[in-house]
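Next up: the structures, one after another.
In what comes next, chain A is part of two complexes: it sits with chain B in the first one and with chain C in the second one.
The block that comes next holds the complex of A and B.
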């Protein structure tokens, strides 16, 4: 079966984004690694069905804040998160929230492609199997195919689904990781510098893919490339030394930044 | 003599290094960048070459002189006492060496005194000649090496080539010794099987090889090794039953759940456990564990031998735990964090991540760890001698005394029977053990390759 893609790339990224539902609402977020204060009193609203980019110099806390959104920071012993983080109006750090279930709703793609050393099929089927999303082999086959198609990888791998995912090229591996994340049917996709280990052509392919996925997910992407942020995102947040300095429509951030630090960063004067 | 040689070698090598370096620096004339190789490589090249030449000269000189001294003493002895047999002549020679060297000769007489005097002269000569030749060869080499130093000389490449040669030589020695051991093993085993049919050895169920010895011939009916194979299998099986799950689970706990502090305390303790000599485990098994098992068995109304396969197997399992857990822990820790993050990021729990991602990725290493434990269990002798007995009972009952292949090899070789007779069965047993272990390794590696999930 083939999945028809909703045509969502029509609107150029730079156009002012329409108002969407809120996905995340965060207030007064602080993150500490031991004694180090990595995120300082941060407040942000992240909208559904568009791409939000986190930019800023290295070490400013982009990844740290991104990992708050699916509680991946829980796996770091010394990391402490405080504040109010709501997903669809629900506090994700409330005691009754199971971080494991949260991560099924908020998928993540990492900086370095990290496919499991299993077959391509088993990589994509990993999440669905864990969460029991399908009831028989046929449904699972369909879900795997649909996910790989959405990730733009199906045509390249349909004849070698039983070959190891680690044997693919870097760009293909990263798309496999995206397919793997999509397969658990998340609402949000977090991407931490997903192209930084890839060559320009593979990068272009992933950026195109992000544009296609935008209509179905809330996507948050960390990037160190301002061109990339300008190309793929509708909203941009500029981080500096643990502070959220400026947040707004990507066009505004890049054309008329309000803060001096943002302007300096965008003009390549530091970072 | 040895101290002097070591001193000469050390001085020559250091001098060669320093001189080579200095000469290269001088050749560069202030601008080091004109040199093809940096001065340290010139120094290393000269040092390596000089050391090897001096060492080789000493070795050759020692061999030649030894041959010459023995020949000279032998001819002197034949002159003075022509009637001596060659064995007596050797005895006189070694006594003479003892007299001149201040040792303990078996007898002192006029002949021995005379030979000792000659020995003393010749030994004194060797003591001077060997270091002298080494020094001369070393100096000559040093001189040629230094003469070759110039800006274009490729000391860097050449010294690497010398080092490669040394490494190859080491590898060849390792391979040759293995081949040598194997050849003698195969040869002796073939000789044994020329007297005893293979099936009598492999499938016979009575093991008492030396009781049937008559005029140096073994009794075919009493060299059936089946009881030994059964005993070995039984004990190894019990040991692995203890060591595999406990070792693996301990490793998973240490690598995945334990806090860093816990891990850094427990791991060294486990490693200490791995260093306890097996003799200690052996008498622990015999003196502490065996009576407990016996007591429990009797309370349950079972008849338990005072030496049992169960006791030996249990203690052997405990002995192997640290090997398996320590190795498995390393293997599990080596699985990249990125894989765990990927799995956790998809919403799987820690346990699911371990089961579905970490352990499969670590499988080849885990199998190696298990194999290592298995090899130790099969080869372990001390614990079995003390705790399982020596009686070759053909049984799979863990409560009875059994014996193993390795224990019987020890019994055969250390017993009073003439080595030429006892060695046959011992070699046959050793060879069988070797074949079984090798086969096991090959099969396991095949399996691992088939199911491996390579993450690099």
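The block that comes next holds the complex of A and C.
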């Protein structure tokens, strides 16, 4: 395996032995949108049962790379992904992999809460239904309750499960989307700026939730808030112009980054 | 300059200004001591209020930066170090003031042979302080290292001044009053040397992200045998009541 200078900084080889099992092992990943080279020869290992934050200026490729992890980029016609992306040692871009099945294992929560225009119950039950995770109504009820409980929303909605999900507050909608994402019993949760449309109280609620879910999932979060990354993550990756500039323990990245670009970015000097 | 850079610059300028006042006050306190000039000593005492005000301004600026900029990494360390250095300089100012007060008392009595060595020791501490502040202002690690290593020299001077003063007191009990004043002045000066060392450590912390070493790791001149206990009790006296009584 040859790494460019860019990547050797954050390459797993330069890291201490991982504390947890690896969830994703990515090598030589390149992403093109037509002629634009969005991700350049990226190598990263993502550990299970902790929170990894992706930070970097807009357009640096962090969201693009996040979307590679559950093949959300497949839906963009001009997007081309090459390289090795392995989930538990399996190539997720292999022809036999069904992207729909993959996305059940690798759930996603978006920046703007996007509940389906259905009832609260049906929002959460949607995934389990299409994946046939339960065999009867009772099991489905249980799964819906368990998912809403894990997402910290159950007590607030248990009396109005048949009301539309869109009638909830922004923070509640986001937690509903998290409940929906974890209802399919995924192994990984991808979060693309999950709090940027929320007020500080709802943000705090989601951050607490991330802390709780961390013991059961591999969580990858894209955020523009350095303080949020410092608060919720154990590992941080800094992206710039399609390169992974620096990757390491969150405390190191925010206390003594090795790269000048990281230092400048986390203090808001460019981007 | 605006933004985080501008704010951090403002903070280090404020510290540089504070450092300048602390240096000037120490220098004038030493002059007042050497020339037995009570009027100059009074000026120093008056001027210390300025340092107190400046420390407050640095505190407010640092809180504002933390609140508005939420700095990370080196910027964060610069703010933390700025706060600590400002309070260190405020204490240096207090020690200069205390020295000036003792200079006033000493000016009333006859000249004493030990004033010279104490003032020389003071100049050495002042130089340490100046270089520590220069190292901080320029992020100069090498100079900071030099200051850190050289504190031993002030400690050694202190030990020899201490011994000298003891000898004078034993020889002629009439000098005890003046010698006791000088002993506290020497202790103040020795502490200022430690503060310069601390500023050097903070410079290293800002630049290299290394936490300051435990105080025990600092280079130290060994106390002379038999003087340990005396020195220790004089030191605690100096901290507990020596300074307070004369305030």
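Keep in mind that, in the parts below, the second predicted complex is superposed on the first by the 253 of 271 C-alpha atoms of A that agree within 3 Å, B and C clash if a C-alpha of one lies under 4 Å from a C-alpha of the other, contacts with A are read in each partner's own complex, and residues count from 1 in each chain.
Please note the rule applied: a residue touches a chain if its C-beta (ideal position, glycine included) is under 8 Å from a C-beta of that chain, and two chains touch if they have at least 3 such contacts.
All values reported here derive from a predicted model rather than from experimental measurement.
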Side-by-side fit of chain B and chain C on chain A, or clash: fit
Which of chain B and chain C A:101 touches, first, second, both or neither: first
First, second, both or neither for A:112, with chain B first and chain C second: first
Chain touching more of chain A, residue-wise (chain B, chain C): B
First (chain B), second (chain C), both or neither touched by A:254: second
Partner chain in contact with A:42 - chain B first, chain C second, else both or neither: neither
Touched partner set for A:72, first chain B, second chain C, both or neither: first
Which of chain B and chain C A:263 touches, first, second, both or neither: second
Which of chain B and chain C A:130 touches, first, second, both or neither: first
Overlay on shared chain A, then closest C-alpha pair between chain B and chain C (Å): 32
Residues of chain A that lie at the interface with chain B and also at the interface with chain C: none
Contact footprint of chain C on chain A as seen in their complex: 226-227, 230, 254-257, 263, 266-269
Partner chain B, residues of chain A touching it in the complex: 70, 72, 75, 77, 100-105, 107-108, 110, 112, 114-118, 126-127, 130-131, 164, 166, 177, 180-181, 184
Touching residues (chain side chain B, partner chain A) in the complex: 259, 336, 338-349, 352, 356-357, 360-361, 453-455
Residue ranges of chain C touching chain A (in the complex, touch as defined): 3-5, 69-76, 209
